[in-house]
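Both complexes below contain subunit A, partnered by subunit B and then by subunit C.
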Partner chain A sequence: MSNAFAVAVGEAAAATLPRLPGAGVAWLDAARRAHLAAFLRDGLPAARNEAWKYTSLRALEQRALALGDADAAARAVDAQALALPGVNGPRMVFVNGAFRADLSYIDDLPEGLELQPLASVLARDAESLRGVFGATATDAFDRLNATLAGDGVLLRVATGARIAAPVHLVYLGAPAVADLAWHARAVIELGADAELAVVEQHGGAGPHAHLGTLVSDIRLQHGAHLQWNVLQEADTGATLIRRSAFRLAADAVVTLHALELGGALVRHAITAALEGDRACFVSRGVFAPGGRQHLETRLDIRHRRRDTASDALWRGVADGRGRGVLHGAITIEAGADGAAAQLGNKNLLLSAHAEIDTQPVLEIHADEVKASHGATVGQLDERALFYLRSRGLPLEQARALLTSAFCRVALDGLDNAPLREHLAARLAQHLPRLAGDVEA
Partner chain B sequence: MTREALRAEPEATNADVLSAALERRYSAGFVTDIETDSLPPGLDEDVIRAISARKGEPAWMTDWRLAAYRHWLTMTPPNWAKLDIAPIDFQSISYYAAPRQGPKSLAEVDPKLLETYEKLGVPLHERARLAGVAVDAVFDSVSVGTTFRKELAEAGVIFGSMSEAIREHPELVRQYLGSVVPAGDNYFAALNSAVFSDGSFVFIPRGVRCPMELSTYFRINALNTGQFERTLIIAEDDSQVSYLEGCTAPMRDENQLHAAVVELVALARASIKYSTVQNWYPGDENGVGGIYNFVTKRGDCRGDDSKISWTQVETGSAITWKYPSCVLRGDRSSGEFHSVALTHHRQQADTGTKMIHIGRDTKSKIISKGISAGRGQNSYRGLVKVERSAAGARNYTQCDSLLIGKRCGAHTFPYIEVKNPTAIVEHEASTSKISDDQLFYCRSRGISEEDAVSMIVDGFCRQVFRELPMEFAVEAKKLLEVSLEGAVG
Partner chain C sequence: MLIIDNLHVRVAGKDILKGLTLSVKAGEVHAVMGPNGAGKSTLGHVLAGRDDYEVTAGTVTCDGVNLLALAPEERAAAGVFLAFQYPVEIPGVNNTYFLRAALNAQRKRRGEPELDSMQFLKLVRERLKVMQLSPDLLSRAVNEGFSGGEKKRNEIFQMAVLEPKLAILDETDSGLDIDALKQVADGVNALRAADRAFIVVTHYQRLLDYIVPDFVHVLADGRIVESGDRTLALKLEEHGYAWVAGRQPAASAA
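Presenting the complex of A and B:
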């Protein structure tokens, strides 16, 4: 690979690999080198790559990004602004990929909860992470992340432990001398019958155009319950590539709510492997690109065992020159009889320059199943607009009201009421700004 | 074993039904033994020149083929479809096979040939008149007989083989050939452009409503000859035509490649309806043999208010890989796609459509019904694209899949790309098996399981069948019944 991005990765990796946490552990060194070699060989995905059809990386290819931020610990962050209503549990904050103990609370953890920075685990007991770091990487950014991520989250919930307060994971980009790339990894394990709620938040502490990658490996033993909530408000210049990989054992349940609002180029791949009978994966989300934003969510839900269930409900609203992409793939493997899968994606296209691409995919290899999907792209109902205006609402307000009602259904199932109202408010605040961002 | 025979044996158990049906032979599997004049297997520029020379083509046509061939050499076979395709050795295929005697009229047609059509029930000769259908029968690669030509000529309709059209109407062919599917459009279209042997040519002049439904029966006969037909249908302003294409091939043990290109051009207010019943040899229950049906079909609604409608019933071929598409260029033009695709045993299908909305207030409708049985793999793949210019565009897509058995697969890969905020696009898909409740209800009314399945499948496909011309609808229904025998158990 000869583009500026790959050259910079090669150079940075050579200097960084010996200093990464866990360096010197033979299998980890070998795995990192193998991932790096694979990345340098294949580079970033080309437009011809079907999974990257809608995501243009040509601009990124031309950028020689520095790796990590040596001064991450000194970046000014308003700790007060990080607080979220209804989220009062332990908190871990990462600035430009580096853990900030001063902004985090991980002391006094409730019983059954283990929460610590990944870097210290890698340095102390890399062997316990072999299953994660030794695994094969799916695509170019997974490879980059597997090579270069030196920090992140290690979260374990003991068997039967019910953690009441949600764990808050915050990833911030902060302006540095130059734009940079950061890579973080989260390893989350729930023991049998454990219960946990997590809030993953992305934000910016000032304007920047960093590239961030985050890979979260989330594993649930049988009967575990996880609520996973995402508020993505990265800086408008940021590129953010994430993968959340869920693996569910029998009777495990994941409920995911995601609000994708920020960033310039954001891609979130959500994979869910339903590996035990009756495992259930529910996902709800809203993506609302405006300005020149590209917001992409890719669901890959695999039913592997009997009577597994998945339900996905996503809303997209595109304004300005924004582009919203939803790829929603459901695979029901042979033998997964009794599986029930459903996906709905409705989209509003609000501007003549915006674009929505939606691709609901079904792959079915078993016959005792119920699977369906639906996708629509349209605009606000003229009659409803007219009705609201006839009641004296100005056009803009009427549009905003209908648009947020359209999206609201994706948040309705969120149990944490203060958080739900906060997310709804963030969304309502974001929506009218969408079109206005064109001029910006 | 026929269905009547099954009914005559009330004691037959499901297992008997199953094994009897599994052993059924491909009913159209016979080989007509006539001499053919073939080129030896292999492909290079000389072969293309030889094809062109044998057909007495003008130099521009030869050059067009050669340009396509040179482009093809630079391309690689696509691999994105959800298909498991054994590598194709393009050098082992014979690219030209024509019956040795050139018949001048139906009376001169080799009786064995006519017998072949007889077995297939092609309404040729008097039967053609009774059925009210004009037939341009393509036997392997060369058109051997055309009926109703006079009546059509009176209406001003040109209906004949592509070879004739190149000789007699070069200006029309030159103007339209490759204008919808360019020579280098895709790997198999490029190959077709280089070596196409024959096909049908239809021209409906301005204001003419074609007095009858036009029909072509394609048949692959000689061993190891790829069939590369090229069909071009042009409907001028305010004209109307309905075209029927039926396909069947005798039993062969080696995979045969069929890479056709069909181009439709609809000018202002013209309407083209293109119906296909494809029953090529699907291979046996172990996946041995069968046709590779890799076809590029595309219609161009070039004029305002034009309409193109594709209807297909795909029950044959080992692998079906095609996407009859509509480019909705004219304002208020509309495109439709109705499809039933059935895969049984080890058949694979990756089929669907593309609706490209460019003009204002364009409309498209997609109804796709996939049925998978045995170890069949059936994929719907479709693109609905609304360009920025397509204000007021409207699309409705419904794709349903029916699973019969535990080892088959049904897949849906829709692509929806919308760039205009006044467009409305709706897509719905569902996958299920035949419901136990429905089956139980039918059986409690004394209907056998096989008949119940047949009824339910017929109902499932009804939306598509009613788009077919009547005689085709009957054939399609029968084909589906025969193809599904042995799927239940």
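Presenting the complex of A and C:
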């Protein structure tokens, strides 16, 4: 590959690999070199790649980005602004991909919870991460991440431990001398019957146009319960490519709520492998691109065993020249008899130039399954708009009220009430600004 | 208060109102009756500001203000209220929240202080005496799953809270049984005031037994063709609309 992006990756990797945490561990060095070679061979996905047909990377290919931020520790961040209602547990903050101990609280952890920066685990005990870093990468960004991520989260919950306070994981982009690329990795493991809630938050500490990649490997043992909540408010210039890969053993339950509001180009791939009987994966979310934002969410849910269940309910709202994409793939594999799968995605277009692509893909190879999907794209109900205005609500307020109401169902199931109300408020605040500056 | 002069309105390429003239003073109740298709509902919607209704000629002023130049929300703040024939269901929007937002939006536009939630709840409790609605309906989404009668009562309740200067009731009696009709009429009568005017649009005379109008107008083919006092409604009941069908527009009503 000879584009600017790949050349910069090659040069940066040559300089960085020997200094990454865990360098010198033979299998890890080999794995990183193999991922790098594969990336340099194939480069970024082309438009003809089915998985990327809605998201063009041509602009990114032209950008030679620096790798990481040597001054990440010095970037000014308003720690107070990081607090979220209903989220008062341990916190880890990453600025441009680097762990910021000064903004984090990981002391005095509750019993049964292990939480530490991945860099220190890589340096001390890389072997325990062999299953993660030694694994095959799924696509170009996974390869980049597997090659270059030197820090991130290691979170383990012991068998049977119920962690009451949500763990807060914050990923911030901060302005640097030049735009840069950062790569972070989160490794989450819940032991049998463990319970945990996580809030993954993305934000900006000033204007920038960085590329961030985050790969989260999340594994639940038998009977574990996880609530995973995402608030994505990256800076308006940011490119953010994330993969959250869930693996669920028997009777494990994941409930995910995601609010995707920020960033210039954002893609979140959610994969869920239901690997044990009766495992259940619930996903709910709202994506609301405005201005010239491009927000893509991809679901890849695989029912592998009997009586597994999945329920996906998503809402999309696009204004200005915003573009939203929801790709929802559900596969019920042979032998996963009795599986139940549901996918619903309703979308609203608020302007003539906005676009939403919704693509449900259902593949069934088992017997006696219940599967349904529905997707719609529409506009605000003019009659409802007139009704609200005739009572005195200004047009913009009436539009925002109807749009919030449309999205609300996707957040209603979030158990943490203060957090739920906060997400609803963030969404309500985002909507009137959604049209954005489309002339720019 | 309201002066409609020679109003022509086109809806979806079709002329519906063809020179309607009507004036309404504060404190008066005007009934507008007419056969189906005469333009009765168009009148209510055009006064409330539906933007897909095209005014091709004529003027409408309310206390000297050109109503036609205002957006629907500006008309609401100026005191215009339309009780819909078919109130719209709005899933996900709480009835009480919506009403408070609407009232405060109006007050803000008029330069009045907004009500906090305590003040608003006090107002709601007072107005509930005018129009009984179960607290359950107040906490539900706007009109969602309401019966026909509940929807109409909710309209009158909204009117009681918003306190308009000019209320237009668009076939508020349609689809109501006699008990619900009486309740709605009681609610309207309780709101009659010297500084408030009503235009009661209806197909049937029955409602006017309960809301007694000062004037009755007959709307046919887009024009007022006959005006009189409440006895006109009784005459219509007796003879049917065919009686007025061939008439020319009446002179400007009182």
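As a convention for this text, the second predicted complex is superposed on the first by the 436 of 440 C-alpha atoms of A that agree within 3 Å, B and C clash if a C-alpha of one lies under 4 Å from a C-alpha of the other, contacts with A are read in each partner's own complex, and residues count from 1 in each chain.
Everything that follows uses one rule, which is that a residue touches a chain if its C-beta (ideal position, glycine included) is under 8 Å from a C-beta of that chain, and two chains touch if they have at least 3 such contacts.
Small disclaimer: the values here were computed from a predicted structure and weren't measured.
When both complexes are overlaid on subunit A, subunit B and subunit C end up sitting side by side without clashing.
Looking at the shared chain after the overlay, A:Ala352 reaches subunit B, while subunit C stays out of its contact range.
Contacts of A:Trp27 after superposition: neither subunit B nor subunit C is touched. Once the two complexes are overlaid on the shared chain, A:Gln379 sits against subunit B while remaining clear of subunit C. The vertex angle at subunit A, taken between the C-alpha centres of subunit B and subunit C once both structures are aligned on chain A, is 80 degrees to the nearest 10.
In the superposition on chain A, A:Arg389 makes contact with subunit C only, not with subunit B. Taking subunit A as the reference, the larger set of touched residues comes from B, when subunit B and subunit C are compared. Of the two partner chains, subunit B is the only one that A:Glu363 touches; subunit C does not reach it. Taking the two complexes aligned on chain A, the least Cα distance separating subunit B from subunit C is 15 Å. On subunit A, the positions that touch subunit C within their shared complex are 381-384, 386-395, 397-398, 401-402, 404-406, 408-409.
Across the complex, subunit A is touched by residues 48-50, 52, 71-73, 75-77, 81-82, 84, 87-88, 90-93, 98-99, 101-103, 105-106, 109, 141, 158, 162 of subunit C.
Residues of subunit B that touch subunit A in their complex: 80, 82, 386, 388, 401, 403-433. If you check the complex, the residues on subunit A that touch subunit B are 50, 334, 347, 349-379.
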